[in-house]
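Two complexes follow with subunit A in common, the first pairing it with subunit B and the second with subunit C.
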Partner chain A sequence: MRGANVSDRRFPPLAIALGAAIFVLVPLGLSLADSGYFFRLAIVTLIFSILALSMQLITGVAGLLSLGHAAIYGVGAYTAAILSTRLGLGPLLTIPLSGLVSGLLGIALALPTMRLVSIYFAVATLGLGEMIYVTLLNWVSFTEGPLGIGNIPPLRPLGIDLSGPLATYLFVAVITAIAAVIVHRCTHSYYGNALRAVREDDQCADAMGLNVVRLKIEVFAIACFLAGIAGALWAHTTGYVNPGDFRFAESILILAMVVVGGLGSVPGAIIGAALLLLLPEALRAVGEVRILMVGVVMFLCILFLPRGLFGEVSALSLARRQLGAAWQQDRGVGWR
Partner chain B sequence: MTTTRRTLLLAGAALPLAGAAVAQQRTVTLGYQLPLTGEFSQYGERFRNSAIMALDAFNRSGRIPAQVNIVFEDTRSDPREAVAVARKFVDNRDIVAVLGDFSSSAAIQAGRVYAEAGMPQLSQTASHPDYVKISPWQFRNITTQAYEGPHVARWMAANGVKRVAVVSIQNDWGQSVVSNFADAFKATGGEVVATQMYNPGNREFRAVLTDIARQRPDAIYIGMFYEDGAAFLQQRRQLNIRAPVYGTSSMYEPKLIELAGPGAEGMYLSTSFMAESPEAHVKAYVEEYKRRFNSEPNMFSAQAFDAVNIMLEAIARAWPDVTRQRVRDELARTKDFPGVTGATTFDPETREPAKTLARMRIQDGKFTLIQN
Partner chain C sequence: MFDRFDIFFVQQLVNGFSVGLVYALVAIGFTLIFGVLNVVNFAHGEIYMIGAYAGLMALIFLAPPWVALLLIVLAAGIVAGVLLERAAFKPFRRFRDEASLKSKAMRESTLLSSLAVSIIVREATEKIFGADMRPIPRAYANALQEPILIGELAVASGQLVILGAAIVMFLTLQFILFRTQIGLSIRAVAANPLGAQYVGVNVDRTVIATFAIGSGMGAVAGILIGLYQGTIFPAMGFAPGVKAFVAMVMGGLNSIPGAVICAIFLGVSEAVATEFFAQGWADLVAYLFLVLTLIFFPTGLFGAGRERV
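Entry: the complex of A and B
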């Protein structure tokens, strides 16, 4: 595989710096602050980074506006909750299984809707999201309905206690890093270019021999898999899930993260997630108007930076320059 | 009013710094997590108003030689923010106990954090059965159907009712209305002759009414909210069914009488808070609330007022050893606390509240208190 050669050949300094920041600097700083609050914010930001990354794949790269992403995330959370409370499975099983269930559900939902374009697809996903929410709410014998599922065990894979703040952070950070690599490889590659071609003009892409429907289903399945993983992490780190946590407003929040961060940009998704989660917390001192101020910031972002805080073009050149993604300079092979 | 609120917030925010400066004047700090923005903000606003009232009165009374502060943190009753705020309160070593949150799910998610850290938590509204089961650190100041059902059953038995028909909405709450009432009523020697559940949104009760009338019940018990209740009462009058109706406290709402008109006459229901109550301390509370905040207090405001007072009472009893552990233990000893929502006792084992529920009857188009 050629891709492997690339990463063997050089260690991208940016990846090392990011890894050092996420795995050494942030946990060191948080440990010194000894604050459960900051750890919690960091963990939630990481979980929502996974969600924003998966949304980026669907909406930013493949150009499919999905309004039901929170429901898929909810299915992941409920899968982990049910598997761990009823069957007593550990997180090493519940997390991948949640991803699988969400991914399979994604495929099932994608099959009938993939021929829909633009706004029609958005409304279809909106309806599917509501159906999932109503099912979680009313299937009382299975999901416990409006009462939600409590007592979900914290992260204790193989009997190793990772329920402390630092260990939980590192565990979630490792999974987030893997998710980021997956999304990076799907985006900055021929595959990503094919998805962008579908986004720009699906008929044209079809005429060029790309299997548009298959591409869309694949990318939807990958994104739903990641959303399911995020849901499982949420369930295990919070301990209680309720259908109300996975409503339409959450889908919009995830969508806003992607748009504010920059549609089509992998770092943008993470920046957007961090901004929209940490800004309301940072503004606590200003009192009730804080949510209004978050709205103002979002509005100004879109007004002055319509391509996002870290737009697609900058993200692509960064990936090419720093990570050498699928680009072999000496042989002149790669994507531009 | 605004000044007081701002001062309080500032005092709360500046507390870690102020602690060193005024070391001779001890302060006790409480956290209150509540929805001050978002879709539930009208409830959070009421909780904060009541909390400020209770706090001012306590600090003026000089019961302990220290000032009590409350740090209010907005959570929007959103699970992400509720957990983050819980972590924040736990980190703050000055905070000895926490009030809130509003919704059961936010209270449970935050409760897991408090359980792990050993922080007493008292919610004014979380009625989820699992909430108090999280750990010995959780308390609530709202009665559930597990308390109200048996109360109504005993009331009916005392009024000589032997045969009851139950009509209730088909949801989790309605299920708890039926099961809690039926068990207690059977225990008094009575018989539930019919149980009818109706789907949410359905306001056509004639078939249900005809069916239960055939069983010749001595009384009908209805578990629903006032919009459905008004339709039920009207249709019962149209069909001329004479069996008296007992209702859940959820129907205590002036709109019920407005909508049902003469159909509401004679209905019995119980409640923990009655704004028109002639009792002196309830009157004083209602008047002060109206004067300071220019709005009528309702059950939610009263629930919060009592929750804060119960907490302050526990702190006063724990003084001078005001620690998280001591405050929890004193909360568990709450007995016959004379609040505006009736005398409240916390069960030391289950930490469920027991309240004296007031009994009312609708007479001449008004909710009238029945003297026991």
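Entry: the complex of A and C
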């Protein structure tokens, strides 16, 4: 069997190619261009890739339409900002702590709202997201309000200076790769199958013996953890956080990335993030059309490519070909 | 001293009531469209904004009398609503069987497409007219900001106009829904789209009529509120849109009287909240109500029983 043959490879060729592109080619190109702008663009794209990946887990795989994801991301950013400016903690502590705070907040938000389905859940997350934004904006003594928090120290874990553009890029790239692996393992496994069952018909999944509410809360917590990490990276690489960066429009941007890339597909999330961030930048000469482009691309995608640029089915068959891992119970991988 | 405080408080309640009416005007159209299509129309706030801009353009270039102004805005709203339906909702109604009419993917794709259309419209308006606030010509704005004293209470003439408009719109809608042929078909489609089709209702035409009515009302609300507040800007639809949304959810998603009552309740409680907290925190009230309603009264305060939320 071909499948058995392919599964012997520890590292599938595609993963090696992707890793080479992200860790060698892009940094090489960026260093040759030696432009702070391009480095910044690459780092922001990676951060939004993490966000899109986490959104993919909630919206694409588990089928929960969340309209408040940017607020969770904002909580992560503010946690990192406050911990590092007030308490002087290093990024090695602030990044996981931000993830933890966001994840716990995710659980707290998920507990009461998980009984809601489809549009009602979307509306509830919209409301919760705006509540978090209003809190960030108005709790001036704690969050500095609309002024935002500045002077967040750059990445210097354990005294190793990673604040240069190339080092920062590589650091963020490593975390993005880890996030991609986490999301991949959550999707392409029996766990992912359970989530898809919940997405397709939660009453049926419930009748089959899956603990639907628990699954939803778990996946929401994982996604919020990743969003919090992305927020901490944003805070440390930007050096400044402001409530305006974590509003409804940002949630929509993340959602659009997932929709354009293809709901339920891991590579799709990254493709979507890259497309929706880089395309508007490429069109900068035309004028400030960033959000308009997001709207147009999202609309055309929903209309003509309802499965997205790289949809779930193609993502699954790609994973099957590359990893050759269907029906391997001992490795916990499979999607039938 | 106490009666001064009291009159101030009553004044706040009156102001809150008129803010609530503003939300109600937007919520009526919102709820009408939800009731029929069972989808949330995220672009309703943009219809409201289009109404305001159409009115502003008419004021600047034509300076029409009041009735003509309202008719122009109504026409603009109807056109915008029909175009919106064509662009964002029609493509997703090609599947007609019961399973896809009720399916989650269907509902969410129209939700996303209306969201995308609303982004496009808002940003395009910003590109064309500029993002900043545009003042209303003074002659018109003054007519709605005339203070009228009732005892010790000061009421702006615009508040009375909005009250009148809300009553007229509500009654018109009830008349259309319960006394006309098209209203009958709207209610039939709302109850059961497939069944309505089997008994000979033209579902497509009904949906377009619903959009025309709802959007026309949204556009009229936009110009009235723009005139009353004195400024118009591309993002003006967002805040009332979200509040109207909250009112709709609180009212039970397909109950128009429920949405109106909840919108007024929301406006009054926001005004009371500004009495006790800073202005910024008062925004929290609406979202708090939204989340509490969803958790404790998932079918809304006035909604009929639904299968599941």
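Rule of thumb we're sticking to: the second predicted complex is superposed on the first by the 305 of 336 C-alpha atoms of A that agree within 3 Å, B and C clash if a C-alpha of one lies under 4 Å from a C-alpha of the other, contacts with A are read in each partner's own complex, and residues count from 1 in each chain.
Convention: a residue touches a chain if its C-beta (ideal position, glycine included) is under 8 Å from a C-beta of that chain, and two chains touch if they have at least 3 such contacts.
Not measured: the values here are computed from a predicted model.
Within the superposed three-chain model, A:182 lies out of touch with both subunit B and subunit C [touch as defined at top]. In the superposition on chain A, A:213 makes contact with neither subunit B nor subunit C. Among subunit B and subunit C, the chain that touches a larger number of residues in subunit A is C.
In the superposition on chain A, A:291 contacts both subunit B and subunit C.
Shared-chain residue A:44: touches subunit B; no touch with subunit C.
In the overlay built on the shared chain, the residue A:279 is in contact with neither subunit B nor subunit C.
On subunit A, the patch touched by subunit B and the patch touched by subunit C overlap at residues 287, 291. Listed in rising order, the residues of subunit B touching subunit A in the complex are 9, 13, 36-38, 41, 73-74, 76, 79-81, 83-84, 87-88, 90-91, 103, 105, 108-109, 112-113, 117, 128-130, 134, 171-172. Contact residues on subunit A toward subunit C in their complex (touch as defined above): 63, 65, 112-113, 115-120, 122-124, 126-128, 130-131, 134-135, 137-138, 252, 255-256, 259, 287, 289, 291-292, 294-296, 298-299, 302-303, 306. On the subunit A side of its complex with subunit B, the touching residues are 35-37, 39-41, 44, 140, 145-148, 150, 238-240, 242, 244-245, 277, 280-281, 284-285, 287-288, 290-291. Here subunit C touches subunit A in the complex through residues 40, 87-88, 91, 104, 107-109, 111-113, 115-120, 123-124, 127, 242, 245-246, 249, 278, 280-281, 283-284, 287-288, 290-291, 294-295, 298, 308-309, going by the rule given at the top.
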